[in-house]
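Same chain, two partners: chain A is paired with chain B first, then with chain C.
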Partner chain A sequence: MFELMQNTEKKIGEILVIGSSNSSHDSFLYSTCPRVMKSDQDIIFGELKIEPELSLFLYGVSSNGAYNKIAWDIIARKMLGYIIVFDWFDEASCDIAQKNIDFLGHRFEAPLIIAADIKEKPLPIKKTIVDPYISFSGKEKFTFCNSKSVASIKSVFASLIDVAINYAN
Partner chain B sequence: MIVAVKAGLNTSVKLEIIKRIFDGKLVSPLIDDLKPHEIMLVHQFILEKALEFGKAVKGNELTQQDIAQYLNPPDINRYENVQIDTTNKNLSLAIEKTKKQIDSLCQIIREYALN
Partner chain C sequence: MPGPNNKNKYVVLVIDSPGPEVNQLVKNLAETNLEVVHIEDGQKACEFCEANRPHVIITELDLPVISGVQLFRFLKNNFITSQIPIIVTTKEPKLEDRIKSMEMGIDDYIEKPYFPEEVVVRVHSLLNETRNTEKSRWIINHGFKGDLEEMNVLDLIKTMELSRTSGIIYLTRGYMEGQIFVNNGSIIDAFIDGFEPEQALTHMLTWLKGTFWVSIQQIERTRMINENNSKILSKGTRLIQQWKDLARLLPPLNTSLKAITPAKDEQISHPEKQMLDRYYEPKTIMQGIEESKMDNLHALELVRSLLQKGLLIKGAAPHQVKDPFAQIVFDHAQKKESGESTYNQITSYFKRDQDPGGLPQPVAERNNQAGDPHNNPSPHVQKIPYRVFLSKQELKRVREFFSKK
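Let's turn to the complex of A and B:
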């Protein structure tokens, strides 16, 4: 009974990571969560425990424009925000990211970070311009990231939480 | 392509603009098919970024003149002095001027962001 009460009082925040290719969004979960599970619908899931009563559930989805196959409203009911990742140097990846932005932007009011993955290549612009992000609106930001770097990925999550806190206030 | 929503310019269009600027491509071709109010939203977004990036690079040394020197005023001698512009000549001139300003502002952004 006590355990059941504990479970019901557990606070959960969900973050959705949407990639244009499998590798980019996978690395966001594998580098932050101790354990990652994969569903048969190509959705990956990881739990990041902040405290015993507070967890972040991270969902990784590679949409590739196949929107109808994913039950977005089911996997993102308690969403703190979402991250759209794409390959900065790949036009097709950018096109898919734009479609994802249009599609999800009309469904979710949650904060969004658009993360342009440059992998290990040099930042194409001065760091001061994009530190920590370029603002598109109060709840929508753009930044660059390196999906090969854990520190860079954590910085994207930190940006999302920062935006979510500011947006909530 | 959906360009504008009720709240303003679509986020996907903002991404396209930023990508074009940082890739060194012209933004003005993007707006060829837009309605005048949508062009103004693009202009507003780019002006905001020019000011933000200028502030990030130059700090308090950024002046109004830093941006304004690149923005040519409209050539009013070319405008028709009529109350009802039946040929839309004045509208075309305004759009032409706005497109030039957009490319000038993008150039400023590139200079702040890259140099």
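Let's turn to the complex of A and C:
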């Protein structure tokens, strides 16, 4: 899958989307990238062409099993940030998200968006509180999303880019 | 400090019949950057003081409508105005009026005719004193309210003791409300519905979450608590420490628990049964404790015992939506206008200071270590620093891309 990285003049940003096995992180790629490939290591990959010379590489990984197969050091050094998705209504998914945050937070300084997927259910708390997100810190935000809505998924990506902009030159 | 018309000036109230001496005084005071209000009768002066709370009052003893002494009595008995410094001016004062005024706590006494410049100096001297203890004086005069997480019950008691204040501390925690009565800085009584005074006080000493409102006022109540403040504070410190030590052994207090019906031959004490009954409808540890109306520490001990026996387990009941911390979030979203407490709840859930442990290590690190690839991450791992390889302009274009429909 890394064969796509052929044009070295192209500017590339990388984003990692991490979820538990039953979360909807796959939809973050499938609904935004025209083509998504799946590796034999349960990592999905998609390229999002912003402009001819500017692309985003999106990686989707489930933290169940595929965790230790990803080249964290390689990706993390260049990534714009990462998104942890979990099912708000599933306790096990929340616990996995918590572990992901603990684990990744110890390793990377990159921005993090914690996206609680409520699918199409009503927002559990007042919109004004999470509009567009709750900030934990300069680099960590919490928001709700609907993995069945392309607009909602794009909004999560946009939140991550907003944080990255603050650190760019 | 605020004034009626100009928020940046101290307000001086002059209560006296109009005349050249008073007019000159008003003029002199105004020239020293004070806002001066001149009222002729005592009744209107009382109304003004209650509504506006001037910083200093200069008053004639001999007033129309109500006398100066009646005015003092009103001001000193009213918690809004009781701490306002008062300068009395009068000609040929009667001794008994003079004594009464001093007994009622006037701050200064000037016989007429006076030099307005002298009065101005004395006013500023009183204002300087006020400025030095401005915050505590405001707090003492008006009462205050806040969150027990910022200022606990022991702190409140100490504050009132130091300032020898009288008043009522109203406390709310969850479903419970209580009051602590303080007279001249000393606790004399406490009230929670269904509790004896000393039990009620012990209960409230361990309320670390909730709200308080302190109302400064004279208290006329029989002393029901015989312990002195020092012993109460000591006890409170010990109880809080015991609570914290016990809470550390349990899951977070916002963890939802549900009860399991004990086996027929399983022996549990009556208090344990009472506590268990609270959790047949799943709720958080703290909610169950609050609803039980038992002594907090005792209730927490019972929860611990029941958890150890396996009669209380974590998790929502099947009929409930599996929403791990929605109740916390809902409660706070409803109670608080700002998102701060919700943010705190979500933050505390996700940003626990725990060692992640047990998770697979990144490939690069595993390759550097021998042995089990599922070893805990090395404590010496350096964080990979963040560097953005796209420019701001490029990121803005990406941002625009995501904003398009």
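The rule we apply is simple: the second predicted complex is superposed on the first by the 151 of 169 C-alpha atoms of A that agree within 3 Å, B and C clash if a C-alpha of one lies under 4 Å from a C-alpha of the other, contacts with A are read in each partner's own complex, and residues count from 1 in each chain.
In this text, a contact is a pair of C-beta atoms (placed from the backbone, for glycine too) under 8 Å apart; a residue touches a chain by one contact, two chains touch by 3 or more.
Since this is a predicted model, take the numbers as computed values, not measurements.
Visitor: Report clash or fit for the pair chain B and chain C bound to chain A in the combined superposed model.
Guide: clash
Visitor: Applying the touch criterion given at the start, work out whether A:Cys94 contacts chain B, chain C, both or neither, answering first, second, both or neither.
Guide: both
Visitor: Comparing chain C with chain B, which touches more residues belonging to chain A?
Guide: C
Visitor: Touching A:Ile114 in the superposition: chain B (first), chain C (second), both, neither?
Guide: both
Visitor: Please work out whether A:Asp102 is in contact with chain B alone, chain C alone, both, or neither, and reply first, second, both or neither.
Guide: both
Visitor: Tell me the contact category for A:Leu56 with respect to chain B and chain C: first, second, both or neither.
Guide: The second partner, chain C, only.
Visitor: Could you say whether A:Glu47 touches chain B, chain C, both of them, or neither, answering first, second, both or neither?
Guide: neither
Visitor: Check the residue A:Ile134 against both partner chains and state whether it touches chain B (first), chain C (second), both, or neither.
Guide: Touch status of A:Ile134: both partners.
Visitor: Do chain B and chain C touch any of the same residues on chain A, and if so, which?
Guide: Touching chain B and chain C on chain A: residues 88, 94, 97-99, 101-102, 105-106, 114, 124-126, 128-129, 134-136, 140, 142.
Visitor: Residues of chain C touching chain A in their complex?
Guide: So the residues of chain C in touch with chain A come to 315-316, 321-326, 329-330, 333, 339, 342-343, 346-347, 349-352, 354-356, 359-364, 366, 373-374, 377, 381, 383-392, 394-399, 401-403, 405.
Visitor: Which of the residues in chain A come into contact with chain B in the complex?
Guide: 88, 94, 97-99, 101-102, 105-106, 112, 114, 124-126, 128-129, 134-137, 140, 142
Visitor: Please output the residues of chain B touching chain A within their complex, sorted ascending.
Guide: 2, 5, 7-8, 10-12, 14-16, 18-19, 22, 49, 52-53, 56-57, 112-114
Visitor: Under the touch definition given earlier, write down the residues of chain A that touch chain C in their complex.
Guide: Residue positions touching the partner: 11-13, 48, 50-51, 54, 56, 67-73, 76-78, 80, 88-91, 94, 97-99, 101-103, 105-111, 114, 124-126, 128-130, 134-136, 139-140, 142, 151, 154-155, 157-158, 161-162, 164-165, 167-169.
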